[in-house]
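Each of the next two complexes has subunit A plus one other chain: subunit B in the first, subunit C in the second.
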Partner chain A sequence: MNIQPERLVELNNLTIRFGANAQSGNATVDHVDFHLDKGEFVALVGESGSGKSLLAHALSGILSPAAEMKSDRFHFSGVDLSDPKSNKWHGIRGREIGVVFQNPRAALSPVRKVGKQIADVIAEHRFLRKQALKEAVLEALAAVRIPDPALRVDAYPHELSGGMCQRIMMAIALAGDPALLIADEATTGLDTTTQAAIVSLLRQQAEARHMACLFISHDLALAKDFAHRIIVMHAGQIVEEASVDRLFTSPRHPYSAALTKATPANAATVSELSGIPGGIPDLRRSVPACRFAGRCEFADTQCWTERPELAGPPDALVACWRPLS
Partner chain B sequence: MTLLDVKALKKYFPLARGQLLHAVEDVSFAIKAGDGLGLVGESGSGKSTIGRLLTGLELADGGTISLDTSTDTAVQLVFQTAEEALNPAFTIERNIAVGLGKNRSSDPKRIAETARSVGLDPELLTRRPHQISGGQQARAGIARALVSEPELLVLDEPTAALDVSVQAAVLKLIDRLRRERSIALLFISHDLEVVRLMCDHVLVLYLGRVAEYGPVEQVMSAPAHPYTRALLSSAPGKSNRVRSAGEALSPIDPPGNACLFHNRCPSATETCRTSKPELITLRDGWQAACHHMERS
Partner chain C sequence: MIKLFSSRLLLALPNLLGVVILIFILTRMLPGDPAAYFAGPAATQKSIEEVRKQLGLDRSLPEQFLTYVQGLFSGDLGRSLTSGQSVLDDLVSRVPASLELTLLALALASGLGILLGVGASLRPGGGLDRLCSVVSILGQAVPTFFLGLLLVFVFYYKLGWAPAPLGRLDILYSTPDGPTGFWIVDTLVAGDLDTLSGVLRQLTLPVVTLAMFGIGPVARMTRASMIEVLNSDFIRTARAAGLPPSKVLWTYAFRSIAVPVLNTVGMVLSFLLGANVLVEKVFGWPGIGAYAIESVLASDFAPIQGFVLLMAFLYVAINLAIDLIALSLDPRVKFDG
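This part shows the complex of A and B:
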């Protein structure tokens, strides 16, 4: 298969294993295919423990050395990155692929002025003399809409609000002018007003730079707002992948449907709300072939013994033996 | 029957150099027996401080809190996280027993019953908090608050740390317990959708002051205060977004003669910068504090 000209990331059959699950042999990320086009906005949703962040770590080359990662193919802009130790990662990690994490205060150094922290990263990517570097920092701050950049340059993270710190993190992630930005629960823990502002900033920056975005969130409504395409993960497997419209109007996997029904915004009264029984299965023990089978009201013997493959038309892929119609 | 009556509640935290952080400023509300009141606002709006004042974890600097009850365990607090609610060294059983208060000896039968009523398997009672899941920890925290049969539960973001799948189950549990035992709720949340499902009334706080207070359906369908509108439209999934640009004013020594939302408000005028809006009654039981209610 040839990579299409617009394709940015092509990842086939990704498997990530940890020693803790050696006995059961379960992979923590299990046979995942992932692709992303240039300028495309994709959201990755699922409960905690679904493997969303692990996939993001693998994509950005920051996977823990304790993880054993295998894939049939991992191309980024045509560069083969399937070996996490490959020196081809230099110049891609943190430059072509930027990442914004959940807790900006933990990601920033508490003892360095934010302007200096942005300057450090810009200096990594571009050779600039003192004055030019200073101007580049101010530009970066203005791009993420920080009011009074000249004043904020000398602030320490603790002097800024959570939303401001997340803008600083975005300025750092954008400093290398990446082709892909991964936002891993980047707005979780922020107020809804701040959340809305950060998401709109992210969209505006991504569109202006023709940058692809992978938006990872446990919040379905937020993912719906942001993305063109949504990937639903459960216990390390992709269970459904569809265009936003399709996924929210007619989810085909029982897990996607259950997530929708558990979202307060979709319920008129508390009684319409329904939780999902059980939890993500413990991968240290043996699990059903479809890992959702133990929580699924439609599961039968086939679901326990045979793994469903992700199949269907490109805008409505589902991995289920008993998909909803 | 009014269970809780709060009048002109004030709380200030002194800082260095004589500065004063105004956490709660003249907040009044009432909760009827069995009623649910939602307390919403951004971080720093004072909603958690009000919860702590009501449960005696902080002492008020002004105003009155009157509670119409004869018992000393009538108000119980449900915390956001297990770290706050549960002692990691205690078993779940002993953690729930803490809710009985220090004057009473442990009551295994009552604890087991409470555990069952919150959907906690009795065999989990011998475990410690780290040995159970997040959803089970949330249930244990509710059981701890419930075991003394309170008349008012103060819930401080009880589901903010949970996955939606678990949140749904916990919300349903709280709603069922409330109906079965006619417990009143003070539900503190940043999530208006959750408050809409769980509460009859809502109080919108902005920097420690009441912006709007009224029946939840009316406030959410026709918000009177520009801040309520901004809050509602900032929720994900809303297409028509009202932008509230910029950051909130500092809660440290805020101007006493201005609307504190003026710097983010799309309809702010000179009046908003120079005079403090008083709460105006719009309809029976519905109030808002804004100079431009008709126009905005």
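This part shows the complex of A and C:
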């Protein structure tokens, strides 16, 4: 018996522009197709400035009012969320979609006890009050493995370590028992052991609650360990989307190939590490149709004039005119 | 908390000592001879010398200073020439009138300033933001006594909505004699709502005049801090967590800027105590400000000294109170010592 996995998120042709880029016509997130099944773990990788976080903000309903979002389809659990101001977001934001941000200490209110911050969110989504709320907060703290929850509820973020704050963030993200957890660079800025602990906690919680998880990172090694499927973004475009195994053994987009070569885990010595020439193109100026063309050794005129569509078998989609074989 | 309170109080002592020394030196440097004033216009050189001896002005400055400080400790601020009363009694009987006016104006200025600032921060460049700029600029640019006169002209003389600017209560009412001297409180305690309405009617114009002066700084500080904090990471977290906008705005955003706003409110209170002096004169308000002006005009030095010293005490007390409130508002605020 073949059970078709259930679609959780369906995004077609998503484009996000900012006023500043409207003149040059370059979208900050450009023609992005994205889907996520229930319980699926997907990693979104790319350099800083590739539009990963912007996509995450769009998905979690906190896009800045200055951003202009357009899409052919933006469905979450069958609900149309294409309008970021729609009141359909109420009941989904924070409840069905939880987000763990980077830099956890700054991402928590500095003047409110962490227990109170978790309680605010639990009260909002699970309608608990008083004693029941108190117990739920302690449970939430225990679930993210905070030692001595009864002691920590009265702590302020500045009294806790970065890793501890990230666990508090997770407790907030999990408070509504969401169907989708977005981890936006959730491990950036933490030391390596803490990173590993946070990632394993993330996986364990997501599996226990049958949540889908979108893991956004510029750390390929972490993404590889975490996800079933990897999406590679460059300058606002998705360039490759493949199963973890395929992407790391036989990447098809030159950018993905360059990224995997630039990952320390794949190199024995520092000298074997290779950087990627150039940088993310400046979207305020005119850019080639394939935005990687300027940095690509295989690029020809077609790459500069015609945007490649994401195509190929479902576990090895690539948007490239000259894919590696 | 008690330890902290006492340590802050100890830190305030040098400030007060400095003020006492300064007042002493300044009054000794003032032109004119107090002994001649006290002796009266018909006095001879001999009787002036006698008075000088009586007042202790013939002794050396350090000796005089010691006597002055001793007097301060026993609550003796000298005697007013014009009223014949002890300066301390005069001030004590007048302080509630000034404080009632100033504190109400502060409450109004803070409330309106915060609302205006928060509203302006939600849409920078929008209508409320422009109103915020206009109110701040006008409030700072128009002298308070002028605004007071303008309000009296429009609302008393032209429209007849406000009562005559002749003090705290129309003579039709009997003076409330409660324990606090704050007439709003006293009439409320006595349940005398009729007199309360009279008190409030007299208070309205001077309170608005003073408050206009304070709205600007509070609104501008609130606006600037809010704009910054609304873009911060933890507000993004609160939004992404699905908290309702009002909760994000007040519990998360505003709560975190409470300390800079509170500091501004403290500063405004100090301004208002100063601005009070002229506003009281305009509205015939029997407070300490009007008392100080009358004393200056009459070259009556003891009340001026008493007034300056009282103001210094109030400033120190306000700053101490602000620091303590800030400490309870923001867990990150810590004082050394």
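One rule holds for everything that comes next: the second predicted complex is superposed on the first by the 319 of 325 C-alpha atoms of A that agree within 3 Å, B and C clash if a C-alpha of one lies under 4 Å from a C-alpha of the other, contacts with A are read in each partner's own complex, and residues count from 1 in each chain.
In the analysis below, a residue touches a chain if its C-beta (ideal position, glycine included) is under 8 Å from a C-beta of that chain, and two chains touch if they have at least 3 such contacts.
All of these numbers come straight from a predicted model, not from anything done at the bench.
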Joint occupancy of subunit A by subunit B and subunit C, clash or fit: fit
Superposed arrangement, angle subtended at the Cα centre of subunit A by subunit B and subunit C, nearest 10 degrees: 80
Touching partner for A:93 - first (subunit B), second (subunit C), both, neither: second
Touched partner set for A:109, first subunit B, second subunit C, both or neither: second
Subunit B versus subunit C as contact partner of A:238, first or second or both or neither: neither
First (subunit B), second (subunit C), both or neither touched by A:173: second
Which of subunit B and subunit C A:213 touches, first, second, both or neither: neither
First, second, both or neither for A:227, with subunit B first and subunit C second: neither
Most subunit A residues touched (candidates subunit B, subunit C): B
Touching partner for A:161 - first (subunit B), second (subunit C), both, neither: first
Partner chain(s) touched by A:62 [first = subunit B, second = subunit C, both, neither]: second
Touched partner set for A:275, first subunit B, second subunit C, both or neither: first
Closest Cα approach, subunit C to subunit B, once both complexes are overlaid on chain A (Å): 9
Complex contacts: residues of subunit B adjacent to subunit A: 42-43, 133, 135, 163-172, 175, 190-194, 196-198, 230-231, 233-237, 241, 243-244, 246-247
Contact set on subunit C toward subunit A in their complex: 232-234, 236-244, 247, 251-252, 255-256, 258, 329-332
Residues on subunit A engaged by subunit C in the complex (per definition of touch): 60-62, 90-95, 98-99, 101, 103, 106-112, 120-121, 124-125, 156, 158, 169, 172-173, 175-176
Touching residues on subunit A, where the partner in the complex is subunit B: 47-48, 147, 161-164, 191-197, 199-200, 218-222, 224-225, 258-259, 261-265, 267, 269-271, 273-276, 279
